[in-house]
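Chain naming follows the written order as A, B, C and D, and within any one chain the residues start at number 1.
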Amino acid sequence: MKKIIDYLKNEFNSYSRNIRIALVVLCALVGLFIIFGIQILFWGLGYTDMSNLYPFGQWIIGDLGLVALGGGAFTTGFFLYIFRVEKLEPIINSTVLIGFMCYLFTLVFLVFDIGQPIRAWFGYTYPNWGPHLMPQSMLTEVVWCLTLYFCILFIELIPLPLKHKVLDKIPALHYIGHYMHKLMWIMAAAGTFLSFFHQGSLGGGMWGVLYAKPVWFDPMYFFWVIPAAMGGGTSFMLLCAYIAGKVMKKEVVPIETFHTLARISGVMLIIFLVTNAIHVYTQATIYVPAADRRYVDIFGGYYGLWMVVIEFLFTIAAIVFLNLKKFREQERFFLAGISLGALGVAMSKCTVVLHGSSVPNFPWRPFIGYNPTIQEWSVFLGGLATMVLIYMWAAKYLPLFPHLHKHENEEH
Amino acid sequence: MKKIDRKDFLTLTGGAVVGGLTGTVFSGAPFDALQWLVEWTQDQHRPPVGREHFIRTVCDQCRDRCELSIRMSDDRAVMVQTSNTACPLGQNALQLLYHSERIQQPLKRDGRKGSGRWTPVSWDQALTDIAAKVREKAQANKRHLIAGISREYNLSSALLDRLVAALGSRNSYYEATLESLTTAALGGVPQYDFENTDYILSFGARILEGWGQPNSILKAFKGWKERGTRFVMAETNMSRTASLADEWVPVKPGTELFLALGIAYVLVREKGRNSAGTGFAGWVTYINDFTPEQVAGITGVSAEKIREIADAFSRAARPVAVCGRGIRGISSSAAEITAVYALNSLVNTRAASLSQFAGLGNPPMSQEASQSYDANEAKRGLDEFIKDGNFELVFINGANPLHRSVYGENLKAKLENAFVVSVMPLVNDTALYSDYILPSLSFLETRTSAGDAVTTPYGQSRPAGQALLDLAAKIDEVRGAFPWGGFAELVGNAPAMRPAGNFAFNNEALKSQITLLKKLISEDRNYPLSLIPCEHPLVGDGDGLAFPYVLKNIDNYTYSLGKLWVLINRQTADAEGVSEGERIDIESSRGEIGSVRAHLTDTVAPGVVAIPLGFGQRANTKYAEDKGVNPKEIMSAEIDPLTGCADWWLTRVKID
Amino acid sequence: MEHNESANITRKAPAMRRRWGMAIDLDKCTGCGNCAIACAQENNMPIFKDDSDLPKRVTFLDLMKVTNDRDAQYPNVHVAYIPKMCQQCEGNDPSDPKPPCVSVCPVVATDVGDDGVVSQVWSRCIGCRYCQSSCPYEARAFNWWKPRNEGRFQESLNPDVSIASRGTVVKCTFCSHIWKRERDKAVANGELDINAVLYTPACVASCPTGAMVFGDLNDPNSEVSRLSRDRRAFRLVHTIDEKPADEQKRLRGIKNYPNPKVYYLTSQQWIRDMQRFR
Amino acid sequence: MKRSIVLFMVPFIICTYIFLVIFGKACGDFGMDVQAKRGIPFNHKTHVQVQKYDCDTCHGYYENGRFIGIPTVGTCKNCHAPNSETKSVAMRLPYLEMYKDNEKAWSSYATQPPLVYFSHKVVMGSKYQDGGNKIACGSCHGDMANNTDGARIKGRMGMGVCEDCHDAINVSNKCAVCHD
């Protein structure tokens, strides 16, 4: 026992001061996550600020955001393995890990979010398949796609720990890792298909089927969410790798990789911008008026229209920074571009959930405010902190950035 | 045989594991395990099922006596089937019957008064102790210091009256209800024939929201449209009753009386109508001041409108003018009750009449008792008794004057120094200051005129009347005054209402009151706003809050998330700088109540703050306790010269 | 697949003989609250110390207080109470009802029955609240806390209705357990056509003024069906009803509408005006 | 045979057998439910086959159509009355003298989970167009008529069994038919 404590102490003291602060904060958040997570699981959702009038809260925002941002993994994989953009090779491990964690924590948040966690598996055993092949409930589709894609990411992730210097020495594992890597394009293709499907479900399904809610109903969601995931997700992958590089003070990914992916991201964000504009336009001119309400009224209230505006501003800025070479190649603008790209997409999810739930259903009711409680914050931030810790651990102990190791090997 | 090496061991283990798995799979265990998991995760509680049958009974909570059918599951009552009769009072019966805080057996105070600590005692001990205390007071010549306070007129309150009288005290009081106020002001309770009337003129009485006898009114209301009955409602704020009326006459706060006087002026002076009431000639002199033009200035109702109403009222075949503002929390001045009822007599309508409670008659008294009875005088009403009266022993029969009277604080002080006996099924604010609480029953547990009780009594509870009879039997002196075998015997042949004689105008008392009220409604620089109660129909003036299903149905602008809401007119709120949802304090000359939330709405009149009644109770089960504030604490406490109760309807306030 | 569909068709045809619906006459509703109390009693509503926690409380029938002070100023104001329960939506096509909540349920916990009643199986519900956010009438309640009926309150529980677990969504089902009970009674009396059974939900049975009427919308002679065609009839925030027929047709081509089966009647224009967002 | 195969197969077969037996028994117990708690050595066969009583002599209905279910001891004592003089000798045998609580029903092997609303009367009353009954007691309860010891014949009834039958006799399978 004492040994373990000593080991942890030494390990902890071996880091720089900033990292130590970060570690303490992250571990504290994980602690809160565990404490309040138990409270939520065993004593119910009464401790959240969600209510019958505001049934979807912070965790759903987290789910949607993570799924969208985790969508960067399939985009990167798609371009690398199908289009053979070999420049993306150095970042693929990182993206797969992030994608895997995004999906893992989406499922974790979902388990917290449902009222009966012990019935969580009913989605698999009693799925709401409608009369036809297509599932009737989009949530069924989301659950299945999410799970399958999660499994794919898991398989995609296997070669990463196998390349660890200890495991790599075992011949069998080495060959498994090697051939899995070779066959990864199958996984990438399947992942792309599934990801397309469920990103679309999350858009078209989650919100588009809510035909009775003018704030949500818009068939355009389907076409809008996929580019959002591709653009915002890739930005997010870049951001993570970039921050990792800054923290480790090393070049973890070659600059060409960054720029290649940033260009992909920029182009995707253009598509996102266009589809988003069409979405807002159709909603404002067709679907909201069809319910005898006005778009500006629906986007009133506490959260309101400014969220949509910010969403657009962020996307436009990201597009400018990522697509124009002179901006992209300046580090400041590059960083701003990828941050704003990820933030713009996250903001769009926020608008959908945070604002969408607050819209009154009856003309005599006011807009509803929502203040997440400490339990919600803890579970949400604690989940994110766990992700960061896993990422940090992987960056330290696993060959997350092959480029880095290549350099190290060369130096030796 | 070769020694088993590591590889062989692995093979053996592998065989065992694979074999185990195969065996498990082929035994069907995974599928049954899944089945079990499905059943376990889907498990939820179902109440025990029993034989279903129905028992007919009668709701005895008001004089309507609605017939109910109680759905039973074995011996549990599970649903009150009202089949389109009755009202929430009857529907709530099960919640009282099965209330988790019902008192099971007599409770003796343990510790300080108001601390809510009790020791359960036996009936015999409780009654013996109380009887000893009563005898002690009688022997110490303190018979006039014995008092009884009842909630409303019913059999048990008649028994309490009789008990108090037989002991030689006149101190029998009733809380301010429609019945007690009108009896004091008019000598009887007005009976309105809502079924056959063709013109209803209500002065603030919210007759469609549970006022009076809800069932018969609602039954009649169904036919008003077809029969062309016209319903005119004079009220300050927009209520559901006013909204359902054919015409709403918005009056300035607290000026219903003057509107009635103005209409009376038109009827007497312009249409030459006369009333047969005694003292009418004297009363008529007051209304000289109230020409429609003057009344228009006071009430905000135009003179033409007043003439129009008077005209329609006088031309209707069977019109009624209804007095008694509010729903359950009734507060009207005697002057107003008289003035409104005078309208009925002025048009000589057949749709309104006065009736009285017959009571149980005067008891035979011992000599000392009769001396004491003759020597002392009763106060005119409960509030006056609380304020000015003295008592050393008081019986509380289902009442809650501590919460409902504006003199609650005075009563609290007096109760602390007196011997208090409460008879009630749940501990309420007043019972908190009792020395003894005797548990009484809901109507489902007692014999009613429809037949036997639906269920067996809870714990050792007894009907309130039975408890009083049992107590009387322990006091030698009054035993003779209660010749009945038991309460059940009385239920069948209880005296009913009887018609009251002609009503009289108590001119002397009314004159000063009218002047006073005129002053009250005039502008006050210090307290520029008017505080007016607005009851939630289910909560009434407080009784309803003990029932969880009532709490479930309180709307978000009455009480929500631990905060009481008051309604303020938009312009007024603007002028006062109050915004929607803001927490405000309300202050009157009597004090301040704090931390209520303001909802801005135009359903209340400019210059008015409307506050719900019934909240701010200290006890009355955990469902009612500590919810909101009790506005009675700051409401005006001017005692009415006839009814002896405070007229708290209108209070001048300011807000912070 | 083909076999399946033909089976669906044969089953659908005789099954939709009933379309239970309700009509509530707001001109007769005084807001007394009897329906709400009766509903809570009949459906074993959980009891908490403070159920005035409106956003989290569990009720099936919400007595909404509606005023027109949005549009008018004192003294041109009005007050009404609108009893609102599950409106039993059926989507654009009554012969193939698609309520907004049914298609979103991932575990078939909610379904629309052959009699048009949207059911909710509490033991199947996983509590994802997707149906709640899809409901435009806020008719569904979630058990945020473990439902409690402490002490002797348990003795008043109705044995026909099971008590939902914590973390499940519950809703009004037009007291369909009463339908089952009445159907059994009828069968016991030799009436074998179970679709001919009439039943009355608890709220309707308790309404003192008869403002609530319940019945079969498919039967053109039933009172509820007559009332649903009344000129005073409207549906909650369902403003498409007031548009001309061809415009309605065009709009229904664009999107689905809830098309609820609970009708409200009023002669007051302001209540209709309040159904519209401004 | 190769040694490694033997080494693998021996524990494989043993374990398969053991687990099959243990779990099979457990599944049987689970599927059959545990024994009814107050089993009575009741012989359906003599009552139904020999004495020709109908099922609903004992398993009848209340007047509102609810199924009474398992009879109480009191029901049994209606016929088996040792003190009666009019009954036959067999009827007077003191079968039930050790059971004092006349009101308590024998516990049942065939209770529905609490979430299922199931009306025996309605199901038993459903008829084909030619007038024949769609359902007999045996459809769900097995051949109780030939059962001699009161044990349960058919196993636990999953929802699928109900659904298949509903499908077969063309009754709606909507959730709300059985569940609230």
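What we mean here is this: a residue touches a chain if its C-beta (ideal position, glycine included) is under 8 Å from a C-beta of that chain, and two chains touch if they have at least 3 such contacts.
All values derive from a computational prediction rather than experimental measurement.
A.B. asks: Please state whether B-D or A-B has more C-beta contact pairs across its interface.
C.D. replies: Between the two chain pairs, B-D has more contacting C-beta pairs.
A.B. asks: Per-chain C-alpha centres versus the global one: which chain is nearest?
C.D. replies: Going by the distance between chain centres and the overall C-alpha centre, it is C.
A.B. asks: Roughly how far is chain B from chain D, centre to centre by C-alpha average, rounded to an integer in Å?
C.D. replies: Chain centroid spacing, chain B to chain D, equals 55 Å.
A.B. asks: Measuring from the mean C-alpha position of chain A to the mean C-alpha position of chain B, what distance in angstrom results?
C.D. replies: Computed from C-alpha means, the inter-chain centre distance equals 58 Å.
A.B. asks: Report the inter-centroid distance (CA atoms only) between chain B and chain C in whole Å.
C.D. replies: 32
A.B. asks: Could you tell me the distance, in whole angstrom, between the mean C-alpha positions of chain A and chain D?
C.D. replies: Roughly 54 Å, centre to centre.
A.B. asks: In chain A, what residues contact two or more other chains?
C.D. replies: Those would be 116, 119, 122.
A.B. asks: Counting only residues that touch at least two other chains, what does the list for chain B look like?
C.D. replies: Answer for chain B, listing residues that touch two or more other chains: 42-46, 52.
A.B. asks: What residues in chain D touch two or more of the other chains?
C.D. replies: Residue numbers touching two or more other chains: 62, 64, 66, 114-115.
A.B. asks: Per the touch rule above, enumerate the chain pairs that touch, sorted by label.
C.D. replies: Per the contact definition above, the touching pairs are A-B, A-C, B-C, B-D, C-D.
A.B. asks: Under the touch definition given earlier, write down the residues of chain B that touch chain D in their complex.
C.D. replies: It comes out as residues 2, 4, 8, 11-24, 26-29, 32, 35-36, 39, 42-46, 51-52.
A.B. asks: Help me check something: in the complex, which residues belonging to chain C touch chain B?
C.D. replies: Residue list for chain C touching chain B: 27-28, 30-34, 36-38, 40-42, 44-45, 47-55, 57-59, 63-65, 67, 69, 72-75, 77-81, 122-124, 150-159, 161-165, 181, 202, 205-210.
A.B. asks: Which stretch or stretches of chain A touch chain C in the complex?
C.D. replies: Counting only chain A, the residues touching chain C are 43-46, 50-56, 110, 113-117, 119-120, 122-123, 126-128, 130-131, 136-140, 143, 209-213, 217, 286-287, 290-294, 297, 356-357, 361-364, 368.
A.B. asks: Across the complex, what residues on chain D touch chain B?
C.D. replies: Against chain B, the touching part of chain D is residues 3-4, 7-24, 26-27, 30-31, 62, 64, 66, 113-115, 156, 158.
A.B. asks: What residues on chain B touch chain A, complex-wise?
C.D. replies: For this pair, the touching residues of chain B are 34, 38, 41-42.
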